[in-house]
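Below are structures written as structure tokens.
Look at the two complexes coming up: chain A is in both, with chain B in one and chain C in the other.
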Partner chain A sequence: MLEPKLDARSFWTLTVAGAVALFGVWSLAALSGITSRTFLPAPWDVLARFAQLTVEPFVGHVLHEHLLSSLQRFGFGFVLAVIVGIPLGLLMAWFGWVDRLVSPLFETVRFIAPIAWVPFAALWFGTGIGGPVLIIFMGAFPPVLINTYRGAKNVDRKYIEAAQMLGAGSIRAMTQVLLPAAVPSIVAGLRISAGLGWQSLVGAELIVASSGVGYLMVKGQAAISTATVMSGMIAIGVIGFLIDVALRRVQLVIEARRGV
Partner chain B sequence: MSSPAPARKVLSTLGTTLGAVTVLLALWHVLTAATGFISTARFPAPLEVFDAFKQIAIEGYSNGRWHEHVLRSVLLVTMGFIVSSSIGVTLGLAMGASRKVEAFVNPIFLLLRPIPPLAWIPLAIVWLGLGDAAKIMVIFFAAFVPSVINSYTGVRQIDKPIFEAASMLDVTGWRYWREVLIPGAMPSIFTGLRLSLQASWTTLVAAELIGALWGLGQILNQAAQDIFPAMILVGMLSVALCGWLMTLALGWVESRVTPWKVR
Partner chain C sequence: MANIVFESVQRVFRQGGNDFVALKDIDLEVQDREFVAIVGPSGCGKTTCMRMAAGLEHPTGGHVKVDGIEVTRPGPDRAVVFQAFALFPWKTVWDNIEFGLLSLGVESGERRRRIEHYIGLMGLKGYEQAYPHQLSGGMQQRVAIARAYVLDPKVLLMDEPFGALDAQTRVVMQEELVRLARQNPRTVLFITHAVEEAVYLADRIVVMSRRPGTIREIIDVKSVRGAEHWDALPRIEDVMDLPSFVHLRTHVWKLLRDQQGGDVH
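Moving on to the complex of A and B:
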């Protein structure tokens, strides 16, 4: 039987027990000396390393500079995905021939993992900013396009007919009927996009970059410094989480305004 | 097809799709090989891609022939995916069924969840090197999170009357899992499995790109180093094809396991 909600006391007891178990096993494993501390650092070693990275440059930059360059790449790729994805989605929803032309190509490209673009990214852009941006774009683009398209396709026909009857041309119908109606779906797509884009960024930086958190992790790996790698994982996790929280805010505000 | 009208519709959709593919292939050929508008040093022409595929299929490239690379990657993903998702689904179902388990596991899970699958790669390499063990670790973490989350929500979305009926009929223990929890959560479990499979495939390719002796990612890596655009594209298309086929296979399993689902 589905149990009733736990009372606050037993909930917190169990939650704390879970956290203690995790960090306890980890600390014991690190302290027991089965493996060396550089190989498996204790939790506090990781925290110390994290703090150290914020003041002492590693591979050229301190941690927040790496983060800043990651965020900048992410911003470029994400914005590019939005400014290509939304108009293309609207065009596909409005013009049948665009849909039939783009769909097969898009379906093929969509199954290519963003990370598989790495060789072309390297070939076309070297280690410049274009490479990571291309890979982020490939990760972030499909959800924007799909959600714009679906949102615009689901618009009630009578609005479109009303607009056409009132003399709206294709462009006005797309920007003033389809686009506003598709906004909730688009915003939901943006959240997925941001998540996938951020993940792709990490992959891109592991291979084609000379700064950024992914790069920091690769260099930490090369130096066999597990604490550095884990600090990078923490930084990536926290920023990814914050991006998602911010977009969820936007989504809730828009949904509330629409009365969804 | 039951009536001629939908059959004709399918044919005409197929026709336009084939037409679009032909147009794109022709356009591609014209832009690259025929006019050189796009230099073939940057993006290969269709015929070069065909030749590159012939080369890898017959003579082999980068330590093996095409089917050997494919088989290796697909096998690794299948193994890692099955191990990870069976643990993940079990844990997710347990978290869904028991609030105590949920409260205990949640802090561990909250820590793992925001870490992107690809971010495990450097850690796996530090710990396990460039061999298969590192790949399996990476696949494990990639596939784990989606399968847990979706199995958990699957249980929580089961209609309340079903739980009430189960408790009234005194269904407990293994029967409760087999006849209430698992079937009830099944659609959501499969949503999770699809995401898991996708994540593990992407992550494996990335891990092979960074360091491996075989596999599709290794083809990509080698082709990038050799500056061999046609082979890069062969690698990318192979990644897409395998990903697509594995998703289809999972869909087939789903239709076997959930015959009651209306499609």
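Moving on to the complex of A and C:
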């Protein structure tokens, strides 16, 4: 988008126009009777179902309870990815031998899509929390590791030389030079990582959970309730968007402090 | 306090199967509390000399010793002031200056005392909590100089420390460095390609030639400075007007000009 920036008025007009177009076409299609309302509910049907799900339990829980249990799993998997990914990325950037030890394995394993871990997770953990957490971890971990590693590797050589000349050992060099220098790259990685983790979550819950938004959607499908399935999709989209907005805030604050 | 000794130092780079001799037959002793400037055209290997004393690069022949000990790796006993400042952008002025003291395990009261001393000396009072990007180039280099001096290192190594500054700031910094060096004599190896700077600051000037980098001549400035009372003059332009200064400057200039393509200021 290299054309001049839109003014605020056309910015919001276009935003609204996009939404109106989508919901308009959708409403017309639903009302035209091409297909049954069971398969293509109108937007207001979905909205009504959504509202209903927040008060009336479906497969054991109301919508926000499902969301809460999804968020909890996501939290575990994401935090685990951060706790493992950042230190490992720094170690790989600083010590050549750690890089050599880990890189070939990592470069292979990361091509196994998070969803491809589902059968394995089901065998190991059944419907316990371990399964979904593993799958979310597999989605969230690679971007954290890759961005930490790249950010740390790209540190301007002069900062490392300055740290060495000032007598810093490996631990101080990693925590006080590599880590802060890599922060912008790490935060960018966290945004990708949270997105992938949250996306993997639903895949995980489709199969290996007894609560959560993914579970709600699978059960909605079994009950042939398209509106329930679509309510779940909306909830996932909105929460994913909010997580990204929150992390983007963090990114902006950090960049402002750096004077970027 | 200590000396820096270069003993038949040689540095060869391998490039595409060819050996390229960057430095050859470097024999030099920077004596205890002596301020030695190395001048030479770009590519003469003067920065490499400094980096070898710092332990950031290694000779392929001969020895580099500081205080009689062979240099193997960088350390806080050989503080470096880099041309590009190399302050940590994510740390405040105070934390930048404190960084090396923490490596040395200096206890907190002593740390505070030493940092405050150099903050005062370098005119950084009131900027302790500022980040480097909030400071001008000249102020940033003051922080870098404070960060080096505060370690009380055996030797100070300066790699064109004023090369990135504008002309006015440069002059002020040169005057301050002279003041600091006279109050606080240290063993200093100072790299520059600016002739006047070298004549103004140094006790001795090492003039280098390039391809391969060798020492062409070593010039004694200290005896002239003492005899002609340069230090009695507070301002750099007054010193630069003295016939003794002009004579030395012209001499160094000619040495550099005699080499082909001597791109010096």
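Structure notes:
The rule is simple: the second predicted complex is superposed on the first by the 239 of 260 C-alpha atoms of A that agree within 3 Å, B and C clash if a C-alpha of one lies under 4 Å from a C-alpha of the other, contacts with A are read in each partner's own complex, and residues count from 1 in each chain.
One rule holds for everything that comes next: contacts are C-beta pairs under 8 Å (C-beta built on N, C-alpha and C of every residue); 3 or more make two chains touch, one makes a residue touch a chain.
Predicted model, so just to flag it, every value in this text is computed and none were measured.
Judged by the touch definition given at the top, the superposed model places A:Ala81 against neither chain B nor chain C. Shared-chain residue A:Gly220: touches chain B; no touch with chain C. When the shared chain is aligned, chain B comes close enough to touch A:Trp117, but chain C does not.
Of the two partner chains, chain B is the only one touched by A:Phe241; chain C is not.
In the superposition on chain A, A:Val202 contacts chain B only, with no contact to chain C.
When the two complexes are overlaid on their common chain A, residue A:Leu14 makes contact with chain B while staying clear of chain C. Looking at the superposed arrangement, the partner reaching more residues of chain A, out of chain B and chain C, is B. By the touch criterion stated above, A:Leu145 is placed in contact with neither chain B nor chain C.
The interface of chain A with chain B does not overlap its interface with chain C at any residue.
By the touch criterion stated above, chain C contacts chain A in their complex at residues 54, 56, 73-76, 78-80, 82, 84, 86-91, 99-100, 102-104, 131, 133-134, 147, 151.
By the touch criterion stated above, chain B contacts chain A in their complex at residues 16-17, 20-21, 23-24, 42-43, 97-100, 103-108, 111, 114-123, 125-127, 158, 160, 163, 166-167, 201-202, 205-206, 209-210, 217, 220-221, 223-224, 227, 229, 232, 235-237, 239-241, 243-244.
If you check the complex, the residues on chain A that touch chain C are 158-159, 161-169, 172, 176-177, 180-181, 183, 258-259.
Residues of chain A touching chain B in their complex: 1-6, 10-11, 14-15, 17-19, 21-22, 39, 100-101, 103-105, 108-109, 111-120, 122-124, 198-200, 202-203, 206-207, 214, 217-218, 220-221, 224, 226, 229-230, 232-233, 236-238, 240-241, 244.
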